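Take a look at the structure set out below.
Each chain gets a letter, A, B, C, D and E, in the order it is written, and its residues are counted from 1.
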Amino acid sequence: MNPQEPPTDEMRPQDPVTEQLGVVPPEGGLVAELERMSPEERAKHEAQVAAAAATDREITVGVGDTLLELRDLTMRFGGLVALDSVSFSIRRGEILGLIGPNGAGKTTCFNAMTGVYRPSSGDVLLEGQSLGKRKRFDITRAGIARTFQNIRLFGEMTALENVMVGTDARHRTSVPGAVLRLPRHYAEERAGTDKAMALLEFVGIADRAADKARNLPYGYQRRLEIARALATEPKLLCLDEPAAGFNPAEKDDLVALIRKIREDGYTVLVIEHDMRVVMGVTDRIVVLEFGRKIADGKPEAIREDPAVVAAYLGVPDGSA
Amino acid sequence: ACGGGGGGGETGGAAPTQQRAEPTQAPFTPPADAQLPAGDGQGQCSGNPAIAYIGTIAGANAGLGIAIKQAVELAVEEHNEANPGCQVSYKEFDTGGSPQTALAPTVAAINDPSILGVVGLPFSGESEAVGPALTEAGLVGVTPSATRPDLSQKGWTHFFRGLGNDSVQGPAAARFITGTLGAQTVCVIRDDSAYGQGLATEVTNALGDAAACDEEIKTGQTEFSAAIGTIESANPDAIFFAGYYAEGAPFAQQLRDAGVEADLVVPDGVKDPIFVQNAGEASEGVYMTCPCLPGDVFPEFTEAYQARWNVEPQTYSAEAYDATTVLLRGLDQGISDRAGLLDHVRNYQGQGLTKMFAWNEQGELNETPVWSYVVKDGQIERLSPID
Amino acid sequence: MALLELDGVAVHYGRIQALSGVSVTVEEGEIVALIGANGAGKTTTMRAISGVRPVSEGRVVFDGDDITRLRADLRVQRGICQAPEGRGVFPGLTVLENLDMGAYTRKDRRSAAYREDLDNVFELFPRLAERRNQPGGTLSGGEQQMVAIGRALMARPRLLLLDEPSMGLAPQIIQQIFRIIDNINSEQGTTVLLVEQNASQALALAHRAYVLETGRVVQHGTGRELLEDPAVRNAYLGVA
Amino acid sequence: MITHVTSVLAQDGLIDFNFELLVDRFWANTIDGLSYGSIYALVAIGYTLVYGVLKLINFAHSEIFVIGIFAAYFTFLGLGFAPGETADLGLAALIGSLLLAGVVAMVASGGAAVLLERVAYRPLRKRGAPRLVFLITAIGASFAIQQLFLIFLGGNAQPSIRLLRPTEAFEVFGARVTNIQIMTVVAAIVLMVIAETFVNRTRLGRGVRAVSQDPDTATLMGVNRERIFMLTFLLGGVLAGAAALFYLMTIPAAAIYNGGFLLGIKAFTAAVLGGIGNLRGALLGGLLLGVVENYGQSFFGGEWRDVIAFVLLIVVLMFRPTGILGESLERARA
Amino acid sequence: MSTATAAEGVTVPFGARLRNWWGSLDRWQQWGVLIPLVALIYLLPVLNPPLLTTEPGTDFQITLFNAARIALIAIGLNIVVGQAGLLDLGYVGFFAVGAYTTAVLSSPDSFLTTQYPWLVCVPIAMFVTAVSGLVIGAPTLRLRGDYLAIVTLGFGEIVRLLADNLDPLRGQRGFADVPGPEVTRADGSAVFTSSDGTPWYWLTVTVIIIVLMLVGNLERSRVGRAWVAIREDEDAAEAMGVPTFRFKLWAFAMGAAVGGLSGSIYAGQVGYINSQGFDVITSILFLAAVVLGGSGNKVGVILGAFLIVYIPDRFQVIAQYRFLIFGIAIMVLMVFRPQGLLGARQRLLTYGRQAYQRLIGKGEQISSESALQKHGNGVAQ
């Protein structure tokens, strides 16, 4: 999946975590292990992974109708207007880019959508339903999942468990069920583990499944956040600067990953500063500046938009 | 406008002292025939009997416990020195002073067959917690200080109280306040201990209409402006403080600082030289009641204690000394089992330093005088028995 | 003599070895870039230099002195200053106080030079000037990044360590950042050690660069050389 | 004659109200509360400082305070004042003695706090112990110090020594204000202002704040973390020492091995009430706690004092989850 | 904040070593270790091992019982503190509620006219305590970190003070003659008496084993995961769809119920309770048991509880110094084992193990951990 091999286990001659686990990873890491498998084994394994990663939720409506709508969303902090009646909508199945200068209000927009902040005015509608009064966890269950600009993982949990917390959003076992180990507990637990593992593989970090999240390098942590968000089976996946801290090659992988996510039927909203990523992956782009929407259109149009160039892009992107 | 001047003129609160004669000291001669631990030096005991102190050593209110423990230890030492024929071991068990922790050490004492008698437990609460266990084991316990009345009503056969209980002291205190001191309105301040609560109830009941206000404080409290405020507002002729000296001393001091001149009467839990030291000048003229004969007039005991422990004997040291003596007398006679010692105590009759020891069926002393005291020139001086 | 020299440095996290035998030299007045994939050990190298992560093998030499065991805050006094990964903005201090913290070891905090530096930072990042009294914790990600860089500049270090300075910044500002780095290097003579994912720009700017892979230096050379190296291009510049 | 009249909790009369007394004693309670609250405040500052920097509830701080009490006490004794009496001193001698005792107490408490930091907390830091471990170690230290006092000085309070009798300085709405009360309140405010100035206006103070927010990054700015920790403990200890002197003057029989416990808990409550980590909050919390406790005692009766304190805390936190002056910093940004 | 340790010089943490060893055993080997170990635990009061015993200072059986009841408390508190990361300094309040509920229902001193047998009181006490957990938790659980700590401390004190102040609860006069289970020997004498710790110890150990299993089930489930997530980052947990408030309440209620259970057993054993001994210090000692043993590790906290009770009791003979020893012991232990006697990661790793196993396509079994451990070990060799 990557022209450059991801760091393998060779660099970690002794990993205390996996050691404590009593499972020293197979020599050469997971990848090597997969390679060692016989074709049948391999096929079976991949079928398992694919089945587990596929979302259970059927997509009832075709691509195109509105999934999420922001209506005159305004967010004030004291005298500061971080969002100034911003309206736009996201259609099912699309990848929407949200860009703008630093401090334009992009993250604030995420926060207002996911219930971290209560909007000062305006409303957010998911499939026509207002999210205004709903609790944060409920919004997630309703179908919006996100990653964080400043990574927020459960540091002491393993990568796998981090993702399982995400899968739990769709589980219903509560205390009595867990205490008494009811059948549903088993079913959910098993399904959750499988799915989580598959997701880790999907984002390419399965070989560190048993490491504490805290100990993962920055780039891995970002991917883990994506896997965790995906695990909640969102209708809309919101990524806040997913490519930050990636090198160009890794960014290419990320673009491929986001495309794959979309192909699996997710709708994606992505904040990103890297124009190659933005242009490479989005179907449509919304541009914010000083809390106001200044443009909304296809990537090609946005690239040419003089207002956007002035406010944001500056000299045509030279990094590519 | 607070304190001395305030209140206005109804019951002549300004000068209660003029309505009564100043209480005076009644003559008292310490008992000449008091039994001492040393005895006659002819003690012969069989086996290696032991006496145990069970009570707080390191826990809360350790000070009270240690005063007792040290007296017990002193008594045993004096006894052993004087009686080559009877060497009694001393053992101690720390209960931590609370009913929650008292049981394990008590059971340990019970399980030690050499222990024939116990001095303790000092506090009413822990005594209550371990009572059934001691009775079941038939291990006699003489408490030098637990004064809650109902301890003797539980049907325990091991329980002997080495002093009068609070249902004796309470009414006596009330009589002293209204009678001798001639007070017509009284504020009763209580702490939250089983002892303070019980005593305050007894006093309040006995005071009847004279009880003008009441206020509760907590063990460990050091600042009493609110309680004193209540008193100032009520402007009583006298105040009764049902609690221990740890709170009594700062209370008295702050009371006088606030300018309240009413008579202050305190019970046995406060009757301790420490109170005088800690309340400073505020202790001057404070009246005390105690279900004990004056224990502080025994220079020999005081000196011996001071020499051994480098501190003055404290609240119930003398009672503990006496209680130990009672047990030692039995051992001197060669008693070698618990039943025997229990029997010995039950039938014991003898003068102690502090009083005459002879118990009734319930384990209460027959003679339970309550004495009044006053602090004068920094000394606790006995006045007279309250009748 | 080199300003900074890492000699066979190894660093462990518990029993995970994150660096093994890393040797890096930075000459006075140079800009040196470190590039590598996620988890290669770039940040760890920076931490080893600034002293927040102890070195288990090898030596760190700064300006001729062995500072391998020197406390981190004393290294700052010698002129090593780091803008850390993850920004490390003090959330409860205002922008101004944050910047002032950068100058903590400076003796001339009442002087004109100090004021001038402050004005410089505000000029570079007008956004920060607007927000000078806003608590750091409420800034946007990019604004925080500006604070982190500005704060490092306030220290007027001899050796400036920048860990992914362009992360989270808008394209326009990124251009600016690279210009700033160039400027302080050429005008103030500050030596810079730079970790960048934006490898092409970093390599274009740097005099020399090192490539880290799984905790080892696998390649080094001038910026230009590496920029043209097919393997590097393939692995880090995303030019398939 | 005033008796408890109204009853709540229906017929049982479980809790009595005494409205009359509350009104009657309003000003007296306010003044007493302010002065006692000042002592809470001075101790609270120590909690708040240490908490702010190490996120550690330093349960041993109450013992640091007790050390100050004993230090002041033995200074009195050393100066030749007799237990059980009130000395009769000229103004100069009085001020001199008090100053000396105060300095000794502050040095003793401050030194003890620094020592505690060294022997108990620093090793833990070096080993990267989790936060709760510090808390438990603090408890261990608190036990140990208390027991040392108990073993060496016995279980009773030291005989009281007084250099100064509280006398009425002036009256406020018929309530008297004593000389000691004035000294206490003034000292609390002055010391608070000094501490606050130090933390907010000096370079080292800024180091303290930086370390409290992000110790690792602070190091990268050249802040010597260890020195900041030491300084924090020192400052907290010194203020506890000052509090100890005024406490001893207010309650001369305060020199007892476990004398810090209750006050410590109250002071900590005060610190949280005001917003832990906030110096002004500690002062405000202390004063408020002192005053409300007193009103409550008059209204409900003395046994409810501590209940009132904690209920006040809970109620305040319900409405202001980070205390009265607590940083209402938006929670860390998502 | 941590210092470097050279790779060679690293000592494997004791807990990890123990775990490795445990993981390296076969299933039957594990049983082979476990059964004698449990048997040994049950036999302790009878064996009264010479070096371990607390006698002559304190009755060893009762010390063991006290250790067991504190262990039960520590297990409950560990749910709240170790799992969910909610610092509760007033846990003694729940213990008190459990004890008082039992006493009020069963003591002749009670204002109630009927006295119920102990066995009836226990479930009621647990229920009442759980409800009190909800009542205290509902308004306070939105507080963060140490604000929660001090508020719980306040609630704990309020519980004690109510017991002290309210007349029907009898303050320090207390409730006497709280009965125990009505079991008699052949000769008609009661088995459960306050002076014989052994039957009570056995009872409590049995209860502990049951509670451990149930709590273990919880921890190895979605619920336990949610707790840890909340502990690690409450906001992120909420964003991942964890109803944090509800799960925190559950933690509080579960923890409280276990505390109440312990209180109830305790009241039955001592037979007498009053408002003393439910103070802040006691509460903090409970916490010390948890932290000392290894917050988050159930076996660890049991060990911690044992130490908390055992150290002071062991030094009864030098009573004056025992709390000094105790205080210093705590400090020293914490310095040498800052993660607690046993570290906290045991449970979480089992998932990794399972999933890893399944991923590499070998272990198909998910229900039995030991099978996986065995398997995992196979890979390791």
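Note that in this section contacts are C-beta pairs under 8 Å (C-beta built on N, C-alpha and C of every residue); 3 or more make two chains touch, one makes a residue touch a chain.
Molecules present, by chain and UniProt name: A, C = ABC transporter ATP-binding protein; D, E = Branched-chain amino acid ABC transporter permease.
Treat the numbers as computed from the prediction; the structure is a model and nothing was measured.
**Q** I need the common contact partners of chain B and chain D, sorted by label.
**A** E
**Q** Between which chains do we find the greatest number of C-beta pairs in contact?
**A** Going pair by pair, the biggest contact count turns up for A-E.
**Q** Taking CA centroids for every chain, report which one is farthest away from chain D.
**A** Measuring from the centre of chain D, the most distant chain centre belongs to A.
**Q** So, what's the distance in Å between the C-alpha centres of chain E and chain B?
**A** Going by mean C-alpha positions, chain B sits 40 Å from chain E.
**Q** Between chain C and chain E, what's the gap in Å when you average each chain's C-alpha atoms?
**A** Centres of chain C and chain E (C-alpha means) sit 48 Å apart.
**Q** So how far apart, in whole Å, are chain A and chain B when each is placed at the average of its C-alpha atoms?
**A** 74
**Q** Would you please write down the residue numbers of chain D that are in contact with two or more other chains?
**A** Residue numbers touching two or more other chains: 147, 150, 216, 303, 306, 330, 332-334.
**Q** Could you say which residues in chain C touch two or more other chains, in rising order?
**A** Answer for chain C, listing residues that touch two or more other chains: 14-15, 17, 138.
**Q** Please list all residues of chain B that touch 2 or more other chains.
**A** Touching at least two other chains: 58, 192, 216, 218.
**Q** Which bits of chain D are touching chain B when the two form their complex?
**A** Touching chain B: residues 1-4, 21, 24-25, 28-29, 32-33, 36, 83-86, 147, 150, 154-157, 159-160, 162, 165-166, 171, 174-176, 178, 250-254, 256, 258-259, 261-263, 293-294, 297-298, 301-303, 305-306 of chain D.
**Q** Considering only the defined contacts, which chain B positions touch chain D in the complex?
**A** It comes out as residues 1-2, 58, 61-64, 66, 185, 192, 212-218, 220-223, 225-227, 229-230, 232-234, 246, 249-250, 253-254, 257, 274, 276-281, 311, 314, 378.
**Q** For chain D, which residues count as touching chain C in their complex?
**A** Going through chain D, the ones touching chain C are 203, 206-207, 209-210, 212-214, 216-225, 327, 329-330, 332-333.
**Q** Okay, in this complex, where on chain A does chain E touch?
**A** Touch residues, chain A against chain E: 14, 16-17, 19-26, 30, 33, 37, 41, 44-45, 48, 114, 116, 135-138, 140-141, 145-146, 148, 152-158, 160-161, 164-166, 168-169, 171, 173-175, 177-181, 185-186, 188-190, 192-194, 196-197, 201, 206, 209-210, 228-229, 232.
**Q** What does chain E use to touch chain B in their complex?
**A** 54-63, 66, 164-165, 171-174, 176, 193-195, 197, 270-277, 313, 316, 319-323
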